[in-house]
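Should a chain be cited, it is by its letter among A, B, C, D, E, F and G, assigned in written order, with residues numbered from 1 in that chain.
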Amino acid sequence: MPGTYIPSEYLPILIALMAATAIVVGGLLFGSILRPRRPYPEKLLPYESGNPPVGEPRERFSIKFYVIAMLFVVFDVEAAFLYSWAVAYGNIGLYGFWGMVIFIVIIFIGYAYDWKIGALDWKDANEDKDKDKDTKEG
Amino acid sequence: MTPVPLEWYLMLGAIVFIIGVFGFLTRRNIIMMLISIELMLNGVNISLLALSHYMQDMRGQVLVFFVIACAGAAVAVGLALMIAAFRNKPTSHMDEMDILKG
Amino acid sequence: MTLRDAAKKIFFLEILKGLALTFRTMINRPVTRRYPKVKREPFMGFRGRHAFVRDPGTGREKCVACLKCSIVCPSQCIRIEYKETEERRVLEKYEIEALRCVFCGYCAEVCPVCALVLTEVYEYADYTREQFLFDRERLLKNWDDFSSGLKTGAYFNKFWRLSGIDINRMPVGKRLQQSVQVKQKEFLSKESFDKGRAA
Amino acid sequence: MLPKLFFVYFAVMIIVLSLLVVTRKNLVHSIMWMLLLFIHIGGLYLFLNAEFLAAIQIIVYAGAILVLFLFVVLLLNIREEFGQRWFIRSWQGRGFVAAALLLAIMLALQYIVLAPMGKYSIDYIQRETHAKVLGTVLFNEYVFPFMIIALVLFVPMIAAVVLAIKRRKA
Amino acid sequence: MEQMDIEKDLQTKGLILNMGPQHPATHGVLRLMLHLDGETVVKCTPYVGYLHRGTEKLCENRTYISALPLMDRLDYISSMANDVGYCVAVERLFGIEPPDRAKYIRTMMCEMTRISSHILWLATHALDMGAMSVFLHSFREREWLLDLFEMITGARLTVSYPRIGGVRCDVNREFLESLYKFTEEFPKRIEEYETLIDQNRIWLQRTKGIGVISARDAINCGLTGPTLRGSGVSYDVRKHEPYDAYDQVDFEVPVGKNGDVYDRYRCRMEELRQSNRIIRQCIKKMPDGPILADNSPELDMPAEGHRKLIPEMSLSHACISLSDECESIAPAGEFYSAVEVPKGELGFYILSDGSGKPYRMRLRSPSFVHASALPRLCRGHMVADVIALIGTIDIVLGECDR
Amino acid sequence: MDFALTLGIIVIKIAVVFGIVLFHVAYATYFERKIIGRMQARHGPMEVGPHGLLQPFADIIKLFFKEDIVPSHADRWLFYIAPAIVVISSMTALSVLPFFEGFVIADINIGLLFILVITSISVYGIVIAGWSSNSKYSFLGGLRSAAQLISYEIAMGLSLVGVILMAGSMNLSDIVKAQHQYPLGMFAFPQFLGFFVFVVAAFAETNRAPFDLPEAEQELVAGYFTEYSGFRFALFFLGEYIAMLTMSIMVTLCFLGGWTIPLFMTNALPFLSYVPGIVWFLMKVYAFMFLFYWIRATLPRYRYDQLMAIGWKVLIPLSFANVLITAFIMRWL
Amino acid sequence: MEPTEIAGLLKERFPMEVKEVTEFRGQVSITVKRERIKEILRFLHDAPELSFDYLEDLCGVDYLSKKEPRFEVVYHLYSMEHRKRIRIKAEVSEDDCAIDSVVNIWEGADWHERECFDMFGIVFKGHPDLRRILMPEDWEGYPLRKDYPVEGPEEKWRGFVEVLRKAEDFKKFELKG
């Protein structure tokens, strides 16, 4: 009956999760009893190859990471569809098959476009070209 | 075992949705606003799934699947827009985003 | 691209070759020594910790306070004090700051009477800096430590008498065959050296 | 009793976590609370016998969308530039609007009457496994909407990349 | 214009990363300040001097021979080559001609040093690229070489073996046989290293087309040694201004083509083989005879004011050095002499005023010049390539900072 | 009563699995050092115990006694929980993995997806560790690592679609059973593309050489855990090694037939069927673990852009091709 | 062309500049005035029959109370094409301790000039980034000058004092902790 359902096969995972947490927390607590604690300013300095850090460490970073994450979202969603498609493949008719083929093709077109404009290159040639253009025009 | 009433689920979905609305209306940061939209979608998803479960029908679940997919696309575009705007003016605050004016 | 290259690329031939090499190395014997347990025999004439040769006749050091070592020392870490008597100089104080020493062996080489030597002891770490200021007694003790570890026979240091130099160009004290009677140490022969290396 | 207990736990956690998400000043903290929130929502989905969607919820929402948020926050290094104010000036008024909306929804909920109408009972889904049932329905009955989703996903691949990568022309 | 561009960029998304002096990849105490745009290096500023010991100043205050151990500590992994370079320079200034046997011994030892230095370079370079087995495999052979060094010189790294006008002590047959055995074994070992990296696609991707410098630019920057030869310039002091027995042995100077990291790597690998060849020739050709020139200065060569400390009367006359005319063997004049150490051209510019000490001693160290070319090489590459480039120019900070 | 019994069995199972895994991790570090040492003509650890067998315990005790340093200006709480996220998630992943016939802590229908869920969560541990440390090296390492993980997660997920297609299930036990019924006994043969992609992705997902970019010590010192010390550092290590084990088990389950051996082998050599399944299973898992070490000892490291290029330009198209080919063959051949 | 001939050519071309030509054991040094040093070197670099394209070394020499003017900047030039070496010595006086930079001609001169500035205090005009290189930025005095004591200045350098102080602090700290 709806509303009374308990996913009992997930109970072991819950227990395992708690056990893992207990191990980690227990280890940390146990360690905190044993380990010394003698901080001084130099020790607490973040690592910077032996120099005092210059500038803000959490600086703005390459936009490439965003593009990767964005593509990851798209592909992850696609993978999610693929899983359910693959599991149910035996029950799926031709429609479903071709539907997925077309789906993959559409995604692939976008992917090929991204490849072409260099979104997948870490060393971005386009960006440099643009920069040159910018400086020329400006 | 006494079942959990459907209304509880729907209520929960509504509350999450409303928290999302609240966040969307009140936070000044664009990223926070996008996050609030995600919250709203999640509230809806909870309701949809609950209804689907109680009505023993798969349509709600298919819709949830689609909502998740669309949420990803929406966030990707939204953040890209924000980044594009950020280039022109390094801020993520709604109030400051007046580039369209001039 | 030739077919061969294509095959190489597709089947990771070069990587497989590398993997084969590492696997081969794995099943062979390791070449490293387990150092603190298995000690390495230094070669004859290794320039290690300084020592004063204890003269078997007098039981003291042989130094004549000629100051050559302290003059020639590139890092200027030898300090000598002496007093003049009627027929000879008497050494009052002799100090080597081993922490400044660069172990070039010049001091042992110029010593006209073969009093100073760089022994083959290479484990001389210590806890305090003061331990590295070798004075006369410490230097003699170093020699005792070193020579007690030697096996039968005479000890001969090749830097006491340089090969290939005309004997007449050497100081008189060095013209004689210099050796100290201690238990002779078995020096590593060529065979054992090669055997050790052929891994 | 047990189902209710679990529900109450998840409901309370979800509400508390969502409140934390919208009120934290530090965006990274917000996102971390949101991660926990999504995991709890996934847990709730399990109780609605939707294990596949629970997994997808975490994989896509927590694993992908939230990572995207996190990346943007880290990449742009967005600090709350203007001191203490991270809500808009008149947030109380808008909060009131939200509360009113909530009240309305709750009142509306009183009038809902529903009866099971499909064939997908718990036992059926258990037997066939949720992923298979969902896949079968999705790819037999909803192929066309599914392909529209392809287009929806196609848009960010083009638009977002173009927006993010192309530099502003002089 | 370019400068302004960098400034503008930095304002939007620059990251200044300090690499070194306490960093696993900066071989000693080099410090690089990297201005990053994403992962790309916009600007790289090396800072050196952490190991500055004032060698030039110290030399001015030591007799010619006492300065020799200081040379050991310049490039401490190829100290023999530095010593030989110094001795050659002083010999040329003094006009001393070392005997043939000494020349062959020195040549042989120099090439041994070259091998040991190059395999250390290979080891660290490969380790920097993540190929950690090459590191220890090549240390195996290096250890063998160091044992050989120890066998004859009494020290493993800071050998102080050559003397002005010859070498310190003779090599014996045992040593030569051991060494010959090494040279028989070594080419196989080179092939082993190459098995691991030479054709490896990851290695090729990491090294080809990285840090390209044209022959013209390389000369203009003052690069020398394999770093220059990788760009295709066949300049080798051993060939063009031979010292010791280099004019009597047969060897080739390998040159690269593209001037990238891979070509420099190939150059050095080829040099290993050539060095091996030279050592074999030296062993075969080595004549008998003295190992020290007759007119070479004694170890206790006087500098001003020191001679009178030596007592006239003492235990024996042993203390009195035989060469009382030491003062006269240092002529007043100046000389620049270069030798090919493993890193490149090591130059000694000695200005003598006729006393027992050099008046001015200038060391032209290859590492110093190569380090100065780093900014040029790094620009536009990625952080990981900077590591490869530090490896490829093969610097030792002891020599760079002097 | 029935419920208590079930609970007891679960707890015992968890205790056994976690205990063995923690022990395994301790010795995985030992064997890694030993094997890589031997591959480099060294001895590896030799001092603590006979042949250094007690070395792992010495390391653990040492790490317990190390000071726990939190860099100034670090985001304290996130700094604290980042290693916990990594470890807890990777340990939880173990609960869905079957070790032999019928032995699995939680036999869920989406076992395979659960592994992907876990990997997607453990990304947070890394990126948060990098961000909260307030150090540039950590930050760079964390971002790199996160981007690497998500890139290869796609390839890994897609390479498994072929397996799901062939097995028709996402339950890991079912996948193994499906392989046993398959003539060749292992999906590695028909799914060789998927197998290749999965293996490469597994190396990248666990940050192992030649994809150990986030912790490429020659560039980024120690990557995202540069600032960690003591037990928290050990936690990252623990997480990494459990992830390695998980990946080895996944390869064994999804591609190498799990605890079964191919039928044609038992037909040819009947005595093989008397060997218990767990032996086969462990043999396969440890062979794969050995591959991890072996590769690490042999190959240089990729550069970051090359790594991303491999993930995006080689593995993803390959895995898509694999999915389509598999689906096509299953329908029409 | 032999080095002595080059010296002759240089003398012909810059008669006012070349002060002295000496030869010692086959190496020719040409002492010149510093004013037109850049032109001279540019000529040596560019002339096709000379083409001294490689600056082997650049260093300073201090002739304290031995010679006037006090300093010399010594350039060792080498021609890759003709395999010839020549030494140019430019005199720099103590009062106006400056000379033109040759970074434009040889890029490799950059660090050599910085070192020379660091060690002798000779200013290279036109150098893009003339800072101390081997010594700390705030070091006082020029170590390779002859009047600079070998054991260093009386007053210890700030950084060194700081290190000593910190070491003391740590000792105290360890005692406390």
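Quick notes on this structure:
Here is the rule we go by: a contact is a pair of C-beta atoms (placed from the backbone, for glycine too) under 8 Å apart; a residue touches a chain by one contact, two chains touch by 3 or more.
This structure is a prediction, so every number in the text was calculated from the model and none was measured.
Between B-D and C-F, more C-beta contact pairs are found at B-D. Averaging Cα atoms per chain gives one point for each, and the point farthest from that of chain B is the centre of C. Chain A and chain B have CA centres that are 20 Å apart.
Chain B and chain C have Cα centroids separated by 77 Å. Separating the centre of chain F from that of chain G, both taken as means of CA atoms, is a distance of 59 Å.
Distance from the chain C centre to the chain E centre is 24 Å, each centre being the mean of its Cα atoms.
Among the residues of chain G, none is in touch with two or more other chains.
Counting partner chains per residue, chain F has residues 39-42, 108-109, 113-114, 131, 136-137, 139, 143, 146, 150, 153, 169-170, 221, 297-299, 304-305 touching two or more of them.
Multi-chain contact residues of chain C (touching two or more other chains): 15, 18, 21-22, 25, 31, 199. Of all the residues in chain F, the ones that touch chain D in their complex are 75, 78, 108-110, 113-114, 116-117, 119-121, 123-124, 127-128, 131, 139, 143, 146, 150, 153, 169-171.
By the touch criterion given at the top, residues 24-25, 27, 29, 53-57, 59, 61-62, 66, 74, 76, 80, 83, 85, 87, 106-112, 115, 119, 132-136, 143-144, 148, 150 of chain G touch chain E in their complex.
Residues 1-6, 53-54, 56, 65, 68-69, 72-73, 75-76, 79-80, 83 of chain B are the ones that touch chain A when the two sit in their complex.
If you check the complex, the residues on chain F that touch chain E are 36, 39-42, 136-137, 140, 209-210, 212-213, 216-221, 296-306.
In the complex of the two chains, the chain D residues touching chain F come out as 26, 28-29, 32, 35, 39, 51-52, 55-56, 58-59, 62-64, 67, 70-71, 74, 129-132.
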